[in-house]
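Across the two complexes that follow, subunit A remains constant while its partner is subunit B and subsequently subunit C.
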Partner chain A sequence: MIKIPYLAALTTLFSYGLLFVFGQLRDFFRKIFDYWSHSKLQGYAPICLGLEDFYIRRLYLRIQDCFNRPISSPPDAWFDVVERISNDNNKTLKRTTKVSRNFPQAPAVLGLMEALQPCIPNWRSVWRIFVGKPAAVVFGMGYVTNSAILPVLIGKGGLIISDSLNHKSIINGARGSGATVRVFQHNTPYHLEKVLREQIAEGQPRTHRPWKKIIVVVEGIYSMEGELCKLPEIVAICKKSKAYVYLDEAHSVGAVGKTGRGVCELLGVDTADVDIMMGTFTKSFGSCGGYIAGSKELIKYLKYTCPAHVYATSISPPAAQQIISSIKVILGEDGSSRGAQKLARIRENCNFFRSELQKMGFEVLGDNDSPVMPIMLYNPSKIPAFSRECLKQNVAVVTVAFPATPLLLARARICISAAHTKEDLIKALEVISRVGDLIGIKYFPAEPKKQQLEETRVKFE
Partner chain B sequence: MANLYVQAMQPTDLNRNTEWFTYPGVWTTYILILFFSWLVVLSVFGCSPGMAWTIVHLSHFAVTYQFFHWKKGTPFAEDQGVYNRLTWWEQIDNGKQLTRNRKFLLVVPVVLYLIASHTTDYQHPMLFLNTLAVFILVVAKFPHMHKVRIFGINADQ
Partner chain C sequence: MDTLATAFENTVRTASDWVTLAFDAPSARAVVFGVQIGGHLFVEGLLFVVIIFLLSQKSYKPPKRPLSKKEIDELCDEWVPEPLIPPITEEMKYEPPVLQSAAGPHTRINGKEVINFASANYLGFVGHEKILESCTKAVEKYGVGSCGPRGFYGTIDVHLDCEARIAKFLGTSDSILYAYGLSTMFSIIPAFSKKGDIIVADEGVHWGIQNGLQLSRSTIVYYKHNDMESLRSILEKFTQKNERAKKLRRYIVAEAVYQNSGQIAPLDEIVRLKEKYRFRLILDESNSFGVLGSSGRGLTEHCRIPIEKVDIVTAAMGNALAAEGGFCTGSARVIDHQRLSSSGYVFSASLPPYLASAALTAVDVLEENLDLITKLKKNVATLHKGLSDVHGLEIVSDPQSPIVFLRLRNSTGSIKGDLQVLEDIADRVLKEDSIFCVTSKRSTIDKCNLAAGIRLFVSAAHTESDLVKAYESFKRATPLVLEGQ
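Moving on to the complex of A and B:
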């Protein structure tokens, strides 16, 4: 449920309409000009069919300098962003040799990108202990984990029910599996139950035979909303209907929960109730790759059938060792309490940042304790405005627009890391507040500062 | 006005091309755009209100026919061309007929036609052009016309 100010909705729709109309006009004139100029490629089929690349050419390329900024230092609390210039109105960007030191708001969650040591074998056992499942298998890439596992787990005659805001890798895997895909309203267990009952009653599409298998796919923390999944209710519903639960913990493993074990620990769900747990090592462990954890039979089956395991190379040794070292730090097995400190600090940081942003009047999505904080922008013109203004003041923000988010709900996504100190956060808050005033994204009324003084006076007494 | 908020449920439409139509404020924006374009036409051409409504009606016909019933597919490549044979009208609401959105989009050209013909006092040739426009639009939006290509017009190769 998002609360949109009505005027913002109207103006956003109007701006998108205007951008669309301008894009169509430019395409029309481009077609006329190209008709007169000779094309050297006679008889070749066009690369793009019809309208396919319209969004990229006419909308995305105009603000291309706000996305995919290259960095030239390891991810940490502060890093160097390479500056780019464009001579042809953002159609192409050229890297310059200048770098600017920026304070990033991007996913490097636990700040564990330090020390790589020589590789040690047998580390999957360490992982099993961490996640709490009998067996696990690891892949070299997180996206591939989802898109290669779902086709192996389920095929034609099966049913996949996925949350409406699931990540593209899940959608890709679900489409590639050949099973019927149904979508339930984001994080609404009541609607999931309705869809499940309807589908079980109807059966397979034309034959109406019972489904061979039903898998419900949810994510731990939704990357674009920062919301935690309502896991206890969803697991209860799936148990009742005998459907399997597939939990994607890309953002939540290592970051939430008292010892960092993910959303199951935070919400008190027994890991034996979740049939397949998937996650990635890119966010919290500072490495790359993905894993699947489940029962011994499941993992044995996957090892024999999944093409991402059978035909691909294994995860590289430095990445593996980075993961082992990170787990040891999180669990506290390396002797220091760095892990526990970092977990406590990330919780403090994200709760502090979120409450401050909300007090200033920004519309911030997500639950408490979640390190992902999207600030709603809505208007397509505010995306480059926010991004460029913040970059000028040395804060690099990640803005997300269509198609990663729904068309109208463009946002700036902020991820808090344990490597950020309180001073850094306060500085970032000031910059964001100033830019927010300039752009006009404080959609909610700000809480007056007087309230804060009264609170501290009461505490003192 | 700035303090008016609406709650928006996340839509369950997987097709990003049509999902924006389920958000609040779309119908109001559509009607407001039509009204403001009438004002613009009146101020630019300086014609009678009836002529202005006729111009708005006919250009609305041209624009909506082109984008709803002629152009097929989606303006981005992420959906791997699943909708390449469907026009926008056939894509909305996942192909379900007679939903609230479809009924609204059917009513708008008819209301425009009534306003245009009333304000021009039912004179020819405006009446003929308006009637032709609304006839084409309404027939194109019938549930029976879903995925029908008459005489192979706009069919794929």
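Moving on to the complex of A and C:
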């Protein structure tokens, strides 16, 4: 869990309070102006009531240029960010024809952006071999996979226990299913056990009938924390309580593990213990789409009932071919050892980067071996400062604020790719260190400074 | 009797004399603080104390005994969950045919050439050279995937160009692109409608819209499929309710061409009702964009209604535009709101750039070749005429809709039974005459109750002979299958 330092918490709260007060003041004046100008929509309720879009209007719009930055080249190790200008204080942004070459820290993990041949091959067999499950089914979009699978598997009378920091697609799927949803503390197996035991003993709310089935939903790597899930303990607990495990490997498949097979391989969990494995092809395979892997019967049932399979358009052929080519490269079936090299490089890169950032004194979250590294910013004014300063020096970073993270815990999320070379990483580290000093986000004491202090002490003595 | 009564009277009188004597005792005649205290105050004081005592007693609650650890262990051991999926039945083992070539008007299944009525390729853009060229160029320039959500460097300039193009084509101020057709509706509805708001939707809407309605947690009321009288009475009911209803957001959700029945919504009537009762309209034009209207601008052009009257227009681009994904247009306020509150836009990877450029080129090609729309209309009319006298099947779709929906004239009684018969017809037609069509299979979580049928998607690329072959085949095969029942 993230523990925010007291001073940072106070200053962050104060900043938000100030922004809120200013926002309310501007809203007040806006109401007066609007009273004088009549609107066409008399008798209709406004499309956004009161404080619902207060955050968007008064806080987000001021720093709008840090988000939604358009690029005009493939999302590779270096890309072109299109510059935008604003004439009305960031309310609207217009594109210019200028582009600047930037070095991104955005999710494009294995750097497998290759061209392809358009054809429709039979490729589910290749995927099955990769993940290690008897059968698999593919959908056109990862978000829809989660939202459409959970309602099919579980309905009213069932229980879904999900991690407190699960992705919005899982929350949507759980809500859409009609089952009762309970949350356990992020990545805490003993709390999961406690919740499971309590719920089985109590039964359904109000009627106390026993639950029809229980599904525990966890993610392989959490996208905003960079932590690996404590999978072996969670699987053991679920086995004991006879609950089903649903693993979402959006960020981890293809990126972690010795041969890239994901978090099961990394943590030594047998894939037969995980009932349903889900993942997306967007991050590591440079394509789009999502998959579900499980037993043959499960996949047959899903093909028959799942709306994302019955109604929606299927994945487009170029995307499918891209996935097959990527898998071939990762497994080394195309004859070269590019896949193994890339996997080794990404592991080296992320461990190197993380240790360097921690030495500099940044507060970095996440476990070793995970390619996602959030750096804590906390303060709302540091978000645009960090983003803009880094962009000036040609490093493109992703800053995340509310609503993707809790209000006080804004962060900059760094994703390492195998396409980054050592020189790129060192340059990025220098830039981030300089900007960090400028903004003041080095919340921890840096190690070299400690060494210097000791040397001076020795000198004095 | 008299003596009894008098004796009773006497006893009561003596008792009261005693009582008054007791109360008139000197101690009771004390004067405290200038207030005369009579003896009756003593009784009242006692009563007061008794009442306070009773009120202060806690009410009886049976003692709570939480379950002991051993009991919880026993319950956990005893509990047996249902299996994750129900047992596989025969119909679940059915594998749909696999296409071995592009899904154009003619395609190959199991090595055989078949005429394809199962792909919603209305304008025949699948395999169009200009679109393929722009796709290839985009793939060479940008690669396949976009590797990130729109907020985090997943916005590629092709996306912005495509959005601007669509907005220009339809005449609205802005539009927003979604990565998947199905996710468009179920992300938009929860962004605009929350708990407590009112949504009136047609009962025949497809699963994407139903899921969106469920996720929004608003009050949902369904009106009978395409029945304006039912819609009017429901709107009347809601506006007659309390004044508070005026502060809630109210929406009508309808599809332009219904996927589940092929009917066209009477937009002029709906707009008239919406303006009278002050509701907002969300229109799904997935199957009418590029098809209806003299230049393909959809149902609003077909009914000659300015597009500003419809508040939110959405469409999936996987049908007429032969791309993937979806878009939404409307006023600038509506679109801007979605950029931060629509979950399918914010929390999901963006549309692959080659698909965005395909959609862009498709809109360009459509604007240049308006004769495709007239050809499509002619094809629909031909097929309609040919299928109107098939023994055993009736057409329930609108004569101008590009989806021709055939239903059994005499239903077997259950949707499952109907589906079985229709699948037999479709199989027979495929095997004997190489006509590929699909039945309207429903997912188990779909709440739509409209009858099942066979869907034929007509394309502008179908030739006259294809259509003739199709309806001749149905005329021949249907009686044979129905006799065999």
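Basically, the second predicted complex is superposed on the first by the 445 of 461 C-alpha atoms of A that agree within 3 Å, B and C clash if a C-alpha of one lies under 4 Å from a C-alpha of the other, contacts with A are read in each partner's own complex, and residues count from 1 in each chain.
By definition in this document, contacts are C-beta pairs under 8 Å (C-beta built on N, C-alpha and C of every residue); 3 or more make two chains touch, one makes a residue touch a chain.
Keep in mind the model is a prediction, meaning the values are calculated, not measured.
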| request: In the overlay, answer first, second, both or neither for which of subunit B and subunit C A:C48 touches. | output: both
| task | Based on the superposed arrangement, let me know which partner A:I56 touches: subunit B (first), subunit C (second), both, or neither? | result | both
| message | A:P318 in the overlay: touching subunit B, subunit C, both, or neither? Say first, second, both or neither. | response | second
| said: A:R354 in the overlay: touching subunit B, subunit C, both, or neither? Say first, second, both or neither. | reply: neither
| message | Looking at A:G17 after the superposition, I want to know if it touches subunit B, subunit C, both of them or none. Which is it: first, second, both, neither? | response | first
| When the two structures are overlaid on chain A, which partner does A:V144 contact: first (subunit B), second (subunit C), both, or neither? | second
| query | Now for A:A396: first (subunit B), second (subunit C), both, or neither, which partner does it touch? | reply | second
| remark: Of the two partners subunit B and subunit C, more of subunit A gets touched by chain C
| Looking at the overlay, does A:F184 come into contact with subunit B only (first), subunit C only (second), both, or neither? | first
| request: Considering only the touch criterion stated at the top, classify A:D76 as touching first (subunit B), second (subunit C), both, or neither. | output: second
| task | Overlap the subunit B and subunit C contact sets on subunit A and report the shared residues. | result | 48-49, 52-53, 56, 168, 175, 403
| said: Residue numbers of subunit C touching subunit A in their complex, please. | reply: 67, 71-72, 75-76, 79-86, 88, 91-94, 98-102, 132, 135, 139-148, 150-157, 159-160, 179-183, 186, 192, 194, 206-208, 211, 214-215, 246-250, 259, 278, 280, 316, 318, 324, 333-334, 336-337, 339-341, 343-344, 346-349, 351-352, 354-355, 441-446
| field | Complex contact set, residues of subunit B against subunit A | value | 1-12, 14, 16, 19-20, 23-26, 28-29, 32-33, 71-78, 80-81, 84
| request: Spell out the part of subunit A that touches subunit C in their complex, as residue ranges. | output: 43-45, 47-49, 52-53, 56, 60, 67-76, 79, 81-82, 95, 104, 106-108, 113-116, 118, 120, 122, 140-144, 147-148, 151-153, 155, 167-169, 172, 175-176, 196-198, 200-201, 210-214, 241-244, 275-276, 280-283, 285-288, 297-298, 300-301, 303-308, 310-313, 316, 318-319, 322, 396, 398, 400, 403-404, 413
| field | Residue ranges of subunit A in contact with subunit B within the complex | value | 1-7, 9-10, 13-14, 16-17, 48-56, 164-165, 168, 171, 175, 181, 183-186, 402-403, 406-408, 445
